[in-house]
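One structure, as structure tokens, below. Some questions next.
A, B, C, D, E and F label the chains in the order they appear, each numbered from 1.
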Amino acid sequence: MSTHAAVTEFLFEESAALDETRYGDWLDLLTEDFRYEVPQPITPQSPDEPQYTSRMPISSESKGSLRMRFDRMSSEYAWADRPKHFLRHFVSNIRVRRIGDDVWEVRSNVLVARSRTSEETVLATAGRLDVLHGNPKDGFRLAARTVHLDVEVPSAAQLAPIY
Amino acid sequence: MSLPEVLGRFAPDCSSLPQTVFNDPEVLDAELARIFTRSWLFLAHESEVAVSGDYVTRRMGRDQVIVSRGEDGQIRVMRNACTHRGTLLCKATLGNTSHFMCPYHAWTFDNTGRLRGVPEARPAYGTFDKSSRDLRRARTEVYQGLVFATWDDDAEPLADFLGDFAWYLDALVGGDGAAWEVAGPPQRYTIKANWKLSCENFGGDGYHVPYAHRAPIEGGLFGTEDTGTGGPSGRVVWTPQGHTARVGYHPAGSGIPAYHGYPDEQRAEFAAKAKPEVFAVLENSDVLHGNVFPNLSFIQTVITYTGDEVEPTAFLALRLALPISPTETEMLNFALVPRNAPDAWKQKSVLACVRTHGAAAGLFESDDVDNFTAVTFTGDGAIAARTDLDYSMGARLPRPEPDDWPGPGESVPHDHSEYTHRAYYTTWLRHLREDA
Amino acid sequence: MSLPEVLGRFAPDCSSLPQTVFNDPEVLDAELARIFTRSWLFLAHESEVAVSGDYVTRRMGRDQVIVSRGEDGQIRVMRNACTHRGTLLCKATLGNTSHFMCPYHAWTFDNTGRLRGVPEARPAYGTFDKSSRDLRRARTEVYQGLVFATWDDDAEPLADFLGDFAWYLDALVGGDGAAWEVAGPPQRYTIKANWKLSCENFGGDGYHVPYAHRAPIEGGLFGTEDTGTGGPSGRVVWTPQGHTARVGYHPAGSGIPAYHGYPDEQRAEFAAKAKPEVFAVLENSDVLHGNVFPNLSFIQTVITYTGDEVEPTAFLALRLALPISPTETEMLNFALVPRNAPDAWKQKSVLACVRTHGAAAGLFESDDVDNFTAVTFTGDGAIAARTDLDYSMGARLPRPEPDDWPGPGESVPHDHSEYTHRAYYTTWLRHLREDA
Amino acid sequence: MSLPEVLGRFAPDCSSLPQTVFNDPEVLDAELARIFTRSWLFLAHESEVAVSGDYVTRRMGRDQVIVSRGEDGQIRVMRNACTHRGTLLCKATLGNTSHFMCPYHAWTFDNTGRLRGVPEARPAYGTFDKSSRDLRRARTEVYQGLVFATWDDDAEPLADFLGDFAWYLDALVGGDGAAWEVAGPPQRYTIKANWKLSCENFGGDGYHVPYAHRAPIEGGLFGTEDTGTGGPSGRVVWTPQGHTARVGYHPAGSGIPAYHGYPDEQRAEFAAKAKPEVFAVLENSDVLHGNVFPNLSFIQTVITYTGDEVEPTAFLALRLALPISPTETEMLNFALVPRNAPDAWKQKSVLACVRTHGAAAGLFESDDVDNFTAVTFTGDGAIAARTDLDYSMGARLPRPEPDDWPGPGESVPHDHSEYTHRAYYTTWLRHLREDA
Amino acid sequence: MSTHAAVTEFLFEESAALDETRYGDWLDLLTEDFRYEVPQPITPQSPDEPQYTSRMPISSESKGSLRMRFDRMSSEYAWADRPKHFLRHFVSNIRVRRIGDDVWEVRSNVLVARSRTSEETVLATAGRLDVLHGNPKDGFRLAARTVHLDVEVPSAAQLAPIY
Amino acid sequence: MSTHAAVTEFLFEESAALDETRYGDWLDLLTEDFRYEVPQPITPQSPDEPQYTSRMPISSESKGSLRMRFDRMSSEYAWADRPKHFLRHFVSNIRVRRIGDDVWEVRSNVLVARSRTSEETVLATAGRLDVLHGNPKDGFRLAARTVHLDVEVPSAAQLAPIY
């Protein structure tokens, strides 16, 4: 299997773990020092300035903080996460680049669909910049993910999922 | 229901009020016309426009404005709309410029709002009084680094508008607003809830903490040591202007210093600046949060654990609730950090804020937003429109005798009560009853 | 156009009415206030809350409610909104619970709507009269397994509200409502059409069948044998309460038994229970459909072919039309099956229902929804707002002499007519003209 | 603000008007009722329904209509809604048919709007006067190939409605409307802007060209040779009916012929047909654009370069602005080409139109739409609602003395002025002040 | 060609047949006993209970019933399907698992865009669980498809397409 | 690498160049005689008639006209394109067919997400019919693209991007 195909398979399985609320499975796909960041989108005056800032990011999570969040969800008092919502990731435009020994920079575009109870489905789109460790033979681990939202003022529903 | 009928349903002491204040478009129209054009409104933190030419674009109510620091160093707030035929002047979120040029006919305004250039002014207009076409400016004042503005030229000065509540803003910033800066541009997001629901909650509502936030508290967010007797031991505060706050307390004698969770050097600086009464009020406190009428909320607290190390870390956040429609609100979240704190500490403080009280804070804040949304959701309906909500907590008990708590304003040690909600809506009602 | 002007445009016999009743927001507001808070409204089938603790969440008009069976076995309908500050209590579609705990401050209500737990009630509130804060309940009654409720405590009993129409509901369920159960939770979907358009159609409108449904009929949905003379031979029925129905007939002597398409054992059971007049009415009928004012439609018919075997299979469906806005409606589709029918048969009946009258029924129902949408669509416009629609079919013909057809209520063998539409809107108009 | 208050804010000469006319739903309702049901409205170009049976579906205001050519060769406009119960009759964008059959109960209308078939008419209705149920027709007239219609049977004839402005439409088509055809079905798209903003701009506003379109002009869209002195040298024109136009000029003596950019043969044909005054007006002109009250804009100009060859190519475009809501508009873009021009030339003309003035014209038009959107955007807000915009350009200068420019109507050589805007809104205001 | 690539190609061609209204071609891709089911989405009280129920499904079709539906569309009286609408499938996150001899369980995420006349495009998302028979050499046939909609109260426009 | 994989990679890189406003890079991926066309969607009376017309297309661009458009964007006066917007392409259902020596017909479905300043993200979907020149070894050039929008009356925001 080509690296691209293996990475693709990894990302699809990883998304499925989130969509199916198999949080334990998902955590197992992360390195211990995993970092998840969603910088704040902004519209700068000049097209040469960056559209994202990490000074006060939307999200900045570690494996530990995500585990705490998932643990919370198993509580009966996880009001915002109960009852279960509908969630689905659409991962496309996967581009893989080797940046080190068994280290890969993987870019992908992701559309996330989410709905709760009788609400309409809310869609959100973003670009993802992942760092993967591993190889097709031994498998991969996700070491970092940066999510570039395609909207400056997202709705709370668009911010709820992990991208 | 007409607006007078809605207002007529309020209990005289606001211990009961019609649910439709969260859903009725006519109510929002009246709020925009009678509150958001007359009150002092929070716009930005001074550090966002640190040097001349810096600007951010914001809203006052639903009106588009620019907050800009002129070459004279002064901060001004002005409509972000060309005085010729109304085109939005500046589309960026933030930047630095000396002039704003209108994309339609190139009228050019300097960053104090003065109309500087009108192409072909003489042949097109004849005598043209440029000064009559300066950008509409809102009166602007700064208090402890917080930039406020009002459209009402007859409004009382900001100091009078804040009144006794200024003391609590002083307390928040350790007596020195200039010592703080925003961590970065504010988070922005929308929630499907009426704007007041976040404000009334921030202004008090200690009652919801142990229940709405039970899961993260049990998860150790505020630490796992039992600090004592339990039971609500906070204090709620309000002033006649509708400003409200709550100070949460550990049990007396817990030995928690004021400004716990800040670097030691920082605490020393605060100690040098702040009044002794502030220290008396903040000692053993675990949180100070509140709401400046109508829509600027704030919170300062200490987070112990969010999944990484156990390490008490303080943060200070401002929260601005901007109405979009009766049932949708844009939230702006600002994190303030002491300018001189070490970068590594600043990052930890931001992390504590973002993970617990940020736009995507799955650990704490999401449960609040879920409640605000759920109240707004049930407000749709013919029966809902005739339903009154219960804000009577504490109203049927004798008001506690004044004690020696040194904070100004009115306050009671009735932590789990709705005194602050009633104070907020009493002011709200006074404004809404004024003629348009 | 103001509401009185809209109502003033109706022909006295409702043979003509303004198109704007399908588009005007003020009309919907009046419907919600004057019909949906006063009429008996269908909520659920008894089998959906079969045992104590079972509940489903629904809407009455646009108000959120819980339909719950208490420990005492009784079904109750109550607002799904906390009496403290209005938070939605229960977000699930269905479930089983003894108590509902509010996510905001943990007030807890039992499944009869009684307020059971208020955290810190004494210190927070002082004397607290819990019973004054029970969930707002709607009066609830059950008829033949159909759960109805009304917000109006002065409303006539359900039996009076149904009046002569109860006979047709009896006929629908073979005289024994308890013999039926829902196949599963109802289908739910939204259509871009006014809610009344589905109701008026279900209550009669035999006229549209051969034209709107020409393609599937030619495709053999109802079989391919020519059962005779052709020509409309059905009967329309209505009562003063605005309830309407239509019985379609094969030619006399076709030999089609009542409850054709049900398993033989089932037909035998019905025969044992139902009145002889029912059998006289249903013999040789191919369909019984109608609408309980305002918004509960039903249909029982036999499907012969949907692409698999040719095998006449009956189904019974309920259809609830819940207004979202003047131009958008949520539909709930319930399939009812005899509790004791073989599982395989139940599945076939559900299949017949789903493929022809379900939410995604491309074979039949989609053409109806398309028409409801297309009427609503043309209603937008300044000329549309002054346009009257034609509901005069049969109004200019002499009313047929009473005959010996044994069904109660008013009825005429004028199948392709708009008697039922006029009856529906006559009742509608009476309600709308009542003061708010 | 109530509608009378809005109208009361207008300066008597419309040199200042409230921004809320672009945002207030009540204003749009009044426009639909008082302008769009009374004025002559543009619907289609004759060539779109070239032969009997051809039709296109369009809107008048927000009312759905069919524009159809009957077997008698006449073009008619009629409501696209069944006279029975209102179903949309025809869902296609365009086609050819002799009859429209309603999908609900199969009533059938011929393409003149006459009701031809009612299934079971006699048994269902008794005596049925079909002619009372013909489709509601709008009075239809054609001028120079442009199909107009009005719902007002008492409206003046189209010729009177156009008045002196007909001369400019003649000029546009070289005196021979029949020589033109649409290049294809119009582009359709929506913009988040009030419908009037495009119309007022098309009717004049030479002032915005050098600034809003600076980038493409510098890019060589209109060529790179400097044609002289610079400075605005166009002319604005208006008539009492609110029709407005602008003719832009190269410097006198530039030697640019009328209808520059069309094939030589075409120019010769125009020369044979058009009046000499037309040639005097169009000589050395670089653009003729305008707006027929209320919402039909047009432009004829020459594009020199869009990234391929440098080759001056003329195009003629019509632009119809159809309100969806106060802040959203559907635009229809028609490109007209001389019927007898070579196909290759037609394609170049379409290309010139599409790349610079089309729905997705990134080179020119996008900046206009951006401005219309940006004006509408700032109109939301309580301060915005009390803001007046400045349309005074030229109003404080002495009106230029009449000269010998041969075009009819009122006109001044004050190119960069807002005479046409004021004329447009003066007519608008007259209509809005008429009772509903 | 790998199985994954062959299955992907099959699914893309299958979608194209639907989008281009080549219904005969599409039916040819199905096994005779093909089953198509869209269960009803619900929000259960507990996260451990299923979010979908088949007791009264949204759709339950056979090859025969679908053929009947397509035949109907060729009628001039297929009001709801005339005039033609715009339809497009976006298939992503394809995951293939062998579950028998020449039998494959294929999961995919699908976004469907649909528009009629001058209406705005309506988007809908769902997860699909397909059973395919065949192999890359001989080609595949679709034997079953279950569609898990990501919304509890879909609009009629979202229910019209085959996913 | 298979042709399909190589074409896929090419299309992903091409989209990324647009999304990241690397217009020079993007133009380098086009042949000199590149044609870009977006025909006007219409709803014809009969399902047998075409849903698109090119008589007056929505867009008809050449490499030259696109270069002019991009040049304009670098101007401070490119009002409609300043400040920068958020843009992201989601390319899926890629189908490759050889139609000549080193000439390929490539069909794909594309969803485009766009947002400006504080506006909500606007999504648009379309089918694309591309002609590619080249091969996996030497690389590809895009020779033509036709975009079939899935909506008859798109919004200006949906028309702004290149698909």
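In this section, a residue touches a chain if its C-beta (ideal position, glycine included) is under 8 Å from a C-beta of that chain, and two chains touch if they have at least 3 such contacts.
Values in this document were obtained by computation on a predicted structure and should not be read as measured data.
A.B. asks: Going by the stated contact rule, which chains contact chain C and chain F alike?
C.D. replies: Of all the chains present, those in contact with both chain C and chain F are A, B, D, E.
A.B. asks: Based on the averaged CA atom positions, which chain is farthest from chain F?
C.D. replies: Centroid comparison gives C as the farthest chain from chain F.
A.B. asks: Name whichever of D-E, A-C or A-B reuses the D-F interface, so over half of the contact pairs are the same residue numbers.
C.D. replies: Answer for the repeat of D-F: A-B.
A.B. asks: Quick check: how many Å separate the C-alpha centres of chain C and chain E?
C.D. replies: 31
A.B. asks: So, what's the distance in Å between the C-alpha centres of chain F and chain B?
C.D. replies: Chain B and chain F have C-alpha centres separated by 45 Å.
A.B. asks: Which integer distance in Å separates the CA centroid of chain E from that of chain F?
C.D. replies: Taking the average C-alpha coordinate of chain E and of chain F, the gap between them is 27 Å.
A.B. asks: Provide the list of chain E residues touching at least two other chains, using ranges where the numbers run on.
C.D. replies: Counting only residues that touch two or more other chains, chain E contributes 43-46, 79, 82-83, 90, 92, 111, 116-118, 123, 152-153.
A.B. asks: Check each residue of chain C and list the ones that touch at least two other chains.
C.D. replies: 91-93, 103, 188, 211-212, 367, 370-371 - these are the residues of chain C that touch more than one other chain.
A.B. asks: How do the chains pair up in terms of touching? List each pair.
C.D. replies: Applying the touch rule to all chain pairs gives A-B, A-C, A-E, A-F, B-C, B-D, B-F, C-D, C-E, D-E, D-F, E-F.
A.B. asks: Mind listing the chain B positions that touch chain F in their complex?
C.D. replies: These residues of chain B touch chain F: 91-93, 103, 188.
A.B. asks: Under the touch definition given earlier, write down the residues of chain F that touch chain D in their complex.
C.D. replies: 38, 40, 42-46, 53-69, 71-72, 75, 77-81, 152-160
A.B. asks: Of all residues in chain E, which touch chain F in the complex?
C.D. replies: Listed in rising order, the residues are 1, 5, 9, 12-13, 15-16, 19, 21, 73, 82-84, 86-92, 111, 113-121, 123.
A.B. asks: Which residues of chain D touch chain B in the complex?
C.D. replies: So the residues of chain D touching chain B come out as 19, 22, 207-208, 210-212, 232, 367, 370-371, 374-375, 377-384, 387, 389-394, 396-397, 416-417.
A.B. asks: Using the touch definition from the top, list the residues of chain E that touch chain D in their complex.
C.D. replies: 79, 82-83, 116-118
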